[in-house]
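So, here come the structures, one by one.
Two complexes are shown next, each including chain A; its partner changes from chain B in the first to chain C in the second.
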Partner chain A sequence: MTHSPGPKFALPVAVFLLACFAMPIVIVAWYSLMPPRTFDLGIDLTLANYHTAVTEGYARPLMWSLLGALITTLGTALIAWPSAVILHRHAGRGATVVSVLIALPIFISESVRLFGMNVFLMPRAGILAGSLDWAFGFKIGSILNTWMAALVGMIYIHLPFMLFPLLLGVSLIPQDRIEAARDLGANRWQTFREVELPLAAPGLLIGALLTFVLSLGANAEAAILGGRAVTVITAAIEQRFNYAQDWPMGAALTMVVIIVTAVIVLPVLARLDLNRLTQ
Partner chain B sequence: MRVGRRAAAVVRALWIVAILAFLYVPIVSVVLASLANTRYMRFPHKVWTLDAYRDALGSFTTWQIHSISLSIAVSVVLIATVLGTLGAVAFARYDWRGRSLFQRILVLPIFFPQPVLGLGLLLSFSAVGLAPSWKTAVIGHLVWIVPIVTLVVSIRFFGYDVAQEEAALDLGASRWQVIREITMPQLWPGVFSGMLFAFLLSWSNLPLSIYTSGPDTPLPVWLFTRTATNYSPLVPSVAVIGTAVSALIVIALALVLAAGKAVRRA
Partner chain C sequence: MDKDGILRASAARNPLRCSMQHSLARRRFLQGVGAGIAAASLPGMVAAQARPLSLLTWDAYADPNLLDLWRTQTGVNVRYEIHISDPTSVNRLRAGETNVWDFINVNNPWARDVMWPAGLIVDLPRDRFDPLYGEMDEKFHLPYKWAMSADGEHLLGIVQRYETFDFVVNPDVISPELAKDEGWDLFNNPDFAGRYGILAYEDWNVMDMCMGAGVHPFRTKTDDEVAKYEETCNNWIQNAALITTDFVQLNLAILNGEIDLYFTGGTYSTAAARLEGVTELYAITPNSGPADGKGGINWIELNSPVANPDLHPNIFDWLEYITTPDAAELVARGNGNLQPVSQMANPDVMSRFSADELAAIQWDEFDERIANAVEFDIVPDYDRLYDIYSAAMRARG
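Let's look at the complex of A and B:
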């Protein structure tokens, strides 16, 4: 134990993450404290950018992103729960095939899948509208270029990230517990709330955390499907960096997202036992 | 009761079919869109044709974005496999005092909004005077992929019996022999899965590449910018080609692995 070679093996990864993950966060934090529109790091620290972030309407993009992440998390959970239960309890041998089919799209680029969603939803002669018009002669409108379409895209992209941890969670529920609860007179809802949900909680928690954090920064969905109907926080940051050439302001907004993420992730992560989950 | 059960089974099957349709309809849509030759999408197409594929294969851009994506992915696979395997040894093989902290810090980049990470890296590269290119994109990908490879290899390690190594040492094997004959053969499937994950996740990544690759445009970034602005019929065909290339590379790797195994057995 005292002379364990563990630290030696951990060193390369630890040094890499320190240099390429921790350092950038420190640099962003430092830039966020620089006077507006400067390009160099100095020692005249100021909170002016954070003040501007609050007073000049940047709360709005942040609210859109938080709301979008919340709806995505709830939406994916509602779709993934019954799917996980079916796959675990009823699908038998088919479960592996279906699981692989659900996992595969993760490895196809977001650009490709969102483009596909875009041509599917396209108004008038898109795949959906065009097919319906051709086959049945009825014309439908389209939700493309609305916030709604961006949300559908976010649920679409993040569903596997919720489903797989949840599948793990549902597999932690022993079948006899459910039967015992039913025998004791609990109805479906009571069994779900009192037995299944608490037992599957670790998986649900990881899925929710992953989905929430990933969709908090999501930008491509709003760009490709939402037609920029709303400005999400990532788009606001990008604008500060690229068009406005105001690095300190962009850095301050980046820090706000990092702090929100940390407040949500760190308490949950501190409680999880990572050895049990990978085993 | 019997009818109720039958109905429940049908509802469950329909639910799963609906989920798969939700996931695959957009992918099928890309293929359908690629079979047209018109400037604007008018589905169903009057003429179904493979012209777009011929144009895509004849275009220099197609080859360029693929070679950039390949350079990034190969570099990421090589570095992430080495770092991730070493990391997994520390994560799962040994029990040491800082392990719990190491495990938690390691997963942090996974629970981090990727575009925000990309923007943070972009600013940091500028701060230290590093011009963005495909090489900086490699660094960006690694921050996210090294932890994932570490976890993938670790899963293999948790099922590994350390006593075998001790037994081999007791029987007079050298340290190197133990690593070559005992540790690596058992760990290899995990390392191989890690390599596949690294390749596929790097090849398909948009949110990190978009901010860290500078003037070098990898495949997903090209598709994204051409979808958002400046659409052309090349977009769906290049999307299909790019996805097929990654699938072919993975199949080829799996075949090489299987052949290697067969040779070793013979």
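Let's look at the complex of A and C:
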């Protein structure tokens, strides 16, 4: 009888995953059951922090984060789809240059990019408002320090995370299928809905998952562009860990976000067929 | 736009924006952890001699010129982490990082009231350090309350940077004299709703809102006083045009005419821009207020040796070094900022600052501001007040 060596080879990776991924979550979960504003892990477990999370207005920051993530995912998809189609089918050699230009900002600190956006959106002497006034005498207000500005920032920051998986998805659509659909009388909308969208779905789903999860944890956009017009859940968590020195409450909110994210993301992941992307 | 450029450039000098720059903080934290693990893995003697002097510090003490001068004079390497807030760093020591750090500098009450009773710091040899207090501003001559343990026996650190930290106005819109007279009521005035910003140094915001509610921030509050605080807190947060952890953003908003004033702020947030010629920023300490008749808050930084079981042998040399005229000057100019230091009582140190620099820190009224301010202390009822504050933040949008 022969034993498969697989488990032995997998052991180091399994230990690494347990120590570096599972243990921190276990510790956070344990902290979330400690009495409020304590620093030690003990055995006096309580659900007080989860009760506070439900009764003390934390649904609102969670709602802003979920809504922001949803709008960002939809917004980036709407921008990325035509961009991906144009880059794949029409841009030719220019596609590489454009892709690099889109990818480059990822290598610059997010805070720096957002401060750049802040200066761009600033009223009066800001780059946009000031230039329009100088060139055309056209005076505009500004969305800076509103939730709208935070959303613009989130779409700006997260676009590459949608675009590149979608490029991969669009590349899975054989041109002859589109031509066949057209030959059979399908109009553009029908071709898009019945042929292109299903074939590009794996790329779209991966892009949507990446964008949604990253946006849910986004904090800097609401702080730098939004002027804290709204409090997102990550800012509320940061407050509990930092100025409130309430680690158990911060841990409970973290667990809530992890659970909500899992409830939304896992069903989508279950439907995702990654083999399609590698064929 | 030229002034905007100056302010944007000074953004790089703003360490407190780091609360949002997790990657940087995380990298520094990991460096610290890495160094700690490396040191722990070496035999004790070798580790003590080989590891660098480790500072958990505000930005001024991480100034490259200050560290270069120290290395040149002693040959001892330094590593540092710029911290985010007093309570966070104190709790890190509490959580076991006394093994990692040799030096911590936090605001005045923490050493005497928290770190010393909890055994997180060690005292200084008095024969070596008492004389240094004689060279400081008279306010700090021993026995200086915040430098000593409650029993008056132990010297807990070296006082250095200090100032008042209250609010900032655009003097073209609100005259400084009017602002000093009106004090915190400016933020209660409906005319300024939507015309001010909040620098979200949140523990300071809580103290300011106490002042605005007519409540002494450092005394235990009655339920009526908490109710007044809650009303002020809700109004101030709802009526703020913007709330940010970045004072450069607030300075830009004043320059750009979006807001006319902001709290919390002071020399720390305005001096670098004022030195570059920006005249639209003016630090205000109210002439009066509810804290024993005073409306300002005066922080004093205390530099202390951590109760590290393997304390770096050069820690006391470092503490003495930072008080020397050359080092004190570098601390005052730390990371491109300008802050008054206790050693400015020494004519040699004072002579190193130009008239423009003294104007930038509003030195002509510095004594008046200190006189109108109560010394920073730990806020009783802080947990209750902070929960009201964070609830108001969540209700803002």
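Everything that follows uses one rule, which is that the second predicted complex is superposed on the first by the 247 of 279 C-alpha atoms of A that agree within 3 Å, B and C clash if a C-alpha of one lies under 4 Å from a C-alpha of the other, contacts with A are read in each partner's own complex, and residues count from 1 in each chain.
Note that a contact is a pair of C-beta atoms (placed from the backbone, for glycine too) under 8 Å apart; a residue touches a chain by one contact, two chains touch by 3 or more.
Note that the structure is predicted; figures quoted are calculated from it, not measured.
> Pick one for A:Pro24: touches chain B only (first), chain C only (second), both, or neither.
A:Pro24 sits against chain B, while chain C stays out of touch.
> Looking at A:Ser109, would you say it contacts chain B, chain C, both, or neither? Reply first, second, both or neither.
both
> On the superposed three-chain arrangement, identify whether chain B or chain C touches more chain A residues.
If we count touched residues of chain A for both partners, the winner is B.
> After superposition on the shared chain, which partner residues are touched by A:Gln245: those of chain B (first), chain C (second), both, or neither?
second
> If we overlay the two complexes on their shared chain A, which of chain B and chain C does A:Val265 touch? Say first, second, both or neither.
The answer is first: A:Val265 touches chain B but not chain C.
> Which partner does A:Ile178 reach: the first (chain B), the second (chain C), both, or neither?
So A:Ile178 meets neither chain B nor chain C here.
> A:Ala14 contacts which: chain B (first), chain C (second), both, neither?
A:Ala14: touches chain B, not chain C.
> I'd like to know which partner A:Leu41 touches here: chain B for first, chain C for second, both or neither.
So A:Leu41 only meets chain B here.
> So, A:Val119: does it touch chain B (first), chain C (second), both, or neither?
After superposing on A, A:Val119 lies in contact with both chain B and chain C.
> Looking at the overlay, what does A:Ile71 touch: chain B (first), chain C (second), both, or neither?
neither
> What is the shared patch of chain A, the residues that chain B and chain C both contact?
The answer is residues 109, 111, 115, 118-119, 122, 125-126, 130, 219-220, 223-224, 238 of chain A.
> Taking the complex as given, what residues does chain B use to touch chain A?
Chain B reaches chain A through residues 9, 12, 15-16, 19-20, 22-30, 32-33, 40-44, 82-84, 86-87, 89-100, 102-117, 119-124, 126-128, 139, 142-143, 146-147, 150-151, 154-155, 158-159, 200-201, 203-207, 211, 219-221, 223-224, 227-228, 235-236, 239, 242-243, 246.
> In their complex, what parts of chain C are in touch with chain A?
My answer: residues 1, 4, 8, 11, 17, 19-21, 23, 84-85, 87-88, 91, 94-95, 197, 200, 202-203, 241-246, 249, 252, 255-258, 383, 386-387, 390-391, 393-397.
> Considering only the defined contacts, which chain A positions touch chain C in the complex?
It comes out as residues 37, 39, 56-58, 60-61, 64, 109, 111, 115, 118-119, 122-126, 130, 144-145, 147, 219-220, 223-224, 227-231, 236, 238-240, 242-246.
> Write out the stretch or stretches of chain A touching chain B in their complex.
Counting only chain A, the residues touching chain B are 1, 4-10, 12-14, 16-17, 20-21, 23-25, 27-28, 31, 41, 79, 82-83, 86-87, 90-91, 98, 101-102, 105, 107-120, 122, 125-127, 129-131, 134, 156, 159-160, 209-210, 213-214, 216-220, 223-224, 234, 237-238, 241, 247, 250-251, 254, 257-258, 261, 265, 269-270, 274-275, 278-279.
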